[in-house]
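After the structure tokens below, expect a handful of questions from me.
All chains are identified by letter, namely A, B, C, D and E, in their written order; residue positions are counted from 1 within each chain.
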Amino acid sequence: MDITVLIGVVLGFGMMVYGIMSGSGDFATFIDIPSLVITVGGAISSAITANKKNVVFGIVKVIMGAIKEPKIDYVGTLRTLVSFSEKARREGLLSLEANIEEIQDPYFKKAIQLVVDGTEPEVLRNMMEIEIDMATAEMMDQKAFFDSLGTFGPAFGMIGTLVGLIQMLKSLNNPEALGPSMAVALITTLYGSILANIVGIPVAEKIAKRAADLEVFKRMILEGIISIQAGENPRVLEEKLKSYLPSQERTKYEAQVQGAGA
Amino acid sequence: MDITVLIGVVLGFGMMVYGIMSGSGDFATFIDIPSLVITVGGAISSAITANKKNVVFGIVKVIMGAIKEPKIDYVGTLRTLVSFSEKARREGLLSLEANIEEIQDPYFKKAIQLVVDGTEPEVLRNMMEIEIDMATAEMMDQKAFFDSLGTFGPAFGMIGTLVGLIQMLKSLNNPEALGPSMAVALITTLYGSILANIVGIPVAEKIAKRAADLEVFKRMILEGIISIQAGENPRVLEEKLKSYLPSQERTKYEAQVQGAGA
Amino acid sequence: MDITVLIGVVLGFGMMVYGIMSGSGDFATFIDIPSLVITVGGAISSAITANKKNVVFGIVKVIMGAIKEPKIDYVGTLRTLVSFSEKARREGLLSLEANIEEIQDPYFKKAIQLVVDGTEPEVLRNMMEIEIDMATAEMMDQKAFFDSLGTFGPAFGMIGTLVGLIQMLKSLNNPEALGPSMAVALITTLYGSILANIVGIPVAEKIAKRAADLEVFKRMILEGIISIQAGENPRVLEEKLKSYLPSQERTKYEAQVQGAGA
Amino acid sequence: MDITVLIGVVLGFGMMVYGIMSGSGDFATFIDIPSLVITVGGAISSAITANKKNVVFGIVKVIMGAIKEPKIDYVGTLRTLVSFSEKARREGLLSLEANIEEIQDPYFKKAIQLVVDGTEPEVLRNMMEIEIDMATAEMMDQKAFFDSLGTFGPAFGMIGTLVGLIQMLKSLNNPEALGPSMAVALITTLYGSILANIVGIPVAEKIAKRAADLEVFKRMILEGIISIQAGENPRVLEEKLKSYLPSQERTKYEAQVQGAGA
Amino acid sequence: MDITVLIGVVLGFGMMVYGIMSGSGDFATFIDIPSLVITVGGAISSAITANKKNVVFGIVKVIMGAIKEPKIDYVGTLRTLVSFSEKARREGLLSLEANIEEIQDPYFKKAIQLVVDGTEPEVLRNMMEIEIDMATAEMMDQKAFFDSLGTFGPAFGMIGTLVGLIQMLKSLNNPEALGPSMAVALITTLYGSILANIVGIPVAEKIAKRAADLEVFKRMILEGIISIQAGENPRVLEEKLKSYLPSQERTKYEAQVQGAGA
């Protein structure tokens, strides 16, 4: 569960509720099922047209993925890589076979498996880089769905408002009904803005940032694996890989290593 | 037939119908042939100016292409590549000549033909990469037509509304006609938004995503062919190419291979 | 003459005429010389500020260039390259000197001249690539002028409307004049949208697409020339260069070669 | 303290105050706590959804970082590098160990430490380049938070205005209250524009420019260190690194060196 | 003095004057000092926040730079390079020392100085490329200031209009004052549009185009210098560098050389 997505979306809707309550407080005014259907339904329709089949038919997985935080354990992974490096120097690369089962991260696991299988370094790097590119591309496909909500939400909001306005203007015989009709017409624009700005755009950005983080994380693993395969000094490997760590993680890592060494 | 394009566009228009029915239900209000001509005709005019001659004069093919799903058979193609790799190791590269006819994909076919013809690896890679670039560029030219609808649809919608507003304001002697006149003026904006958001933008995005998918697919074929030509181990080839497979396809592939091996 | 630019722009203006006729039909309402001067004049002013001196002072040439279609003869050029390749293999590179005069395309001509002069392959490639980059940059400078019309047309349209609105609102003593005054104020916005969406944006896009086409065409010529210089097999050259051909041109080429061979 | 951020933001708010005073001068009209909560709260909500966890939970540090100017001392650093280069030529690379403590900049310090530790040049370059990339990425994550304020500020401003308008239109029985209600509805749009245009967008741009500056600065240090490690002539190093200096800094450097030499 | 910037900006303001005169002709309506202060002052405030310190404090130099045309003498520089090439072949590289003083362009001068000093080609290329990158970056920093005017001008225009509207709506007791008040409120939007579209955006674009031109010009000089240093044939150098010349300059160059040779 990604706590920031949860907090952000709940807080965003909370602001709406507060906004309504601080005004007339009449919630019923803001609930209009047909408006909801047009705006959300329309946005989803065009999102279906715009996105890949596997995203469309796997939409539940995509949404679940959006609220799940990927596991990125810089400190633990770096420590494991250092220990693997030491072990490989002492007992040979094949000795790592015994450790494959304890690795959680599938990317890490695959890379170690390839090392144990005796894959050539260049082939290993090539394969694992394609893995990174494909994983990033898959996340970008998921991001694209939320981008669609960000684009088509307001678009269908405006379409709904135009439909409402045209109907209202066509039958302008009753000036008294003007205000309320226009209020209803504007609700689709409101829904579209909410869909885009509380869900679509921010979630799409979050996914893009996660993909970037995962790419760095996997690149660190890949450099570590290649270093292990080349039989480099574990201290050099450690120093090299620490460059990939965000500053907070670096402090944490050093504290842990300090603690372990004491 | 690309089912998601069909579903998305039909559902999108369905939302419009529902929106109108949930309001006054008067469809006649929303049908105005001159408005349709101005908006769609105008958008197409500027799309003609903006796009390449072969796209403009081959527009039927472009539209047909937009609702047709390209054939991307990752699993089957990978299995074929592995079997070709095994055969080439057993019986030599020339033995693949017998298999050329059974290949459907023209890109794959051309690559195998070049291998059988004894083309040098570097020349082959260079040629097949240009093929990829040119195919992607051609799809981007098709995408550009739908991008034009996405840009010029709303633009001519606004132009139509401005024309209507100016005519209305010029003859403001009859305040009773104000509402209905404005309703008519707004219809072009509605049409422009629909053209852009149900057709233009989402179809353009779909084409871009297809082009990206095709590029990965062809790149997988190319790597496979080069690996076959170099006489690499079929297991290494299989392992390498599996990196290109989207996660769903990978599971499918492994299930099939498992099944075949059992 | 680029027929698609002609059709697109004429059709676009035709839509405007139809839109006016299908309404009040009063053309006089839509013609306002001061509005035209402000919008078009303003857009041109800022285009002068934004663009390069040689584009500004060579504007007639730029506009002429925009409605002229560049000559790209894939089929003929490829056939010439193949025949040059055959001749060079038979009679030596210097024998091509006799053919320089028959070449129309200045890029092609320069490249052949360099080959005949005995320029080193690396120098030749470097020079001809700079030629491509410079030609593309020059077209982009021309595109930038139309981009400016696309940006500053609507901007000055809005500025004109604001000026009109402010004047109107300041002297709001006569409510009867409100409508017509506002109609006049809106005309600049209309003009700005027309300038941008019938001329500026679509022509800019067309120029960008032409530049991309020319780049591919010249790159094909360059690869051919280098292949000739290296004395490569004419069949390999033909096969390599066919990769650059758009699918339609490829069919045409094969039909012609078939016809010639028969 | 970054004086330009301080001046810019204070001056920006000053303009608002002046604008209000030059009008009615009634400040109370422009202060509406619920509007503030919706706009700022909403923008922060979606910023929480969109941004990385370490940015969200370290927001105080992010904001502090935004008003702090990074230390970039081109002249002093270049002089230090030149003096290190001279010392290393005279007394060997290890002699630099004595100088590590006097270096303030952590990037510079780490690089010198690596040199003293005898790290191979290629490894050193690789590590320090990853350091640069990671530091830039971290600053871009901070920038993204202010980008979010720039995007979601106006978005929630519009959402707040729509909520206000809908409430107002729904109860249009009292035409006298129309104006003041609409005034209140518009306040969220005003707040959103202020949040975006005085804080969000300009601060985000500043951070991006700082990141670019820091990158050049670190790249200069890296080139210097590698040059020192390679034992290059201090004059060549000086000449090379002066290319990185902005023109003002170059003049300053030359003046100082001139002064020191006299 | 860049004549196109002068013409463009003066003509742009001229269009405004003409627009006002062709309407009511009442200039006083369009002059409102507080509106000017809010819009221009606000835009400058946020430009201060967004831009680099040396741009902010060197703003006079930045503005002067914007209306000054950089000296790019393709023809003269190419002729000088050819004559230097000939001289260096005859009398050696050191003989160029006598010519350093006659060179105006500081980039050219520095490069020749480095050649005379015996700098290694690779170091020279590296240094001079960093010079190009830094000079381009400095121009982009200057461009960014005008970009800020283009962004924040309309933003503060809208903020000013919102402030005006809110004040007006709050005290809606006098319907007669409605029009004039709204006219005043709209003036900031007008000012913001003018600031952005006559000054900010077009000047920013001009600077970007100049930077691109200067980069090509310097790259031509660099290639020439490296060619001289390598002792290449002056005819090859001339042919190579002519590729960098824009088509107009090429014609001019050939005419001059023709004239000189006759």
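By our rule, a residue touches a chain if its C-beta (ideal position, glycine included) is under 8 Å from a C-beta of that chain, and two chains touch if they have at least 3 such contacts.
Being a predicted model, the structure only gives us computed values, none of them experimental.
For the pair subunit D and subunit E, the fraction of shared interface numbers is less than half, so the two copies use mostly different residues to meet. The angle needed to superpose subunit B on subunit E by their Cα atoms is 145 degrees, rounded to the nearest 5. Subunit A and subunit D have centres, each the mean of its CA atoms, that are 25 Å apart.
Computed centre separation for the pair subunit A/subunit E is 40 angstrom, with centres defined by C-alpha atoms. Chain-to-chain contact here is organised cyclically: the chains close a single ring, every chain touching exactly two others.
Beginning with subunit D and heading toward subunit E, the contact ring passes through the chains as D, E, C, B, A.
On the side of subunit C, the complex with subunit B involves touching residues 2-5, 7-9, 11-12, 14-16, 18-20, 22-24, 26, 29-30, 69, 178-180, 182-183, 186-187, 189-190, 193-194, 196-198, 201-203, 205-206, 209, 212-213, 216, 236, 239-240, 243-248. The residues of subunit A lying in touch with subunit B in their complex are 34, 37-38, 41-42, 44-54, 56, 58, 114, 119, 123, 126-128, 130-131, 134, 137-138, 141, 144, 148, 151-152, 155-156, 158-160, 162-172.
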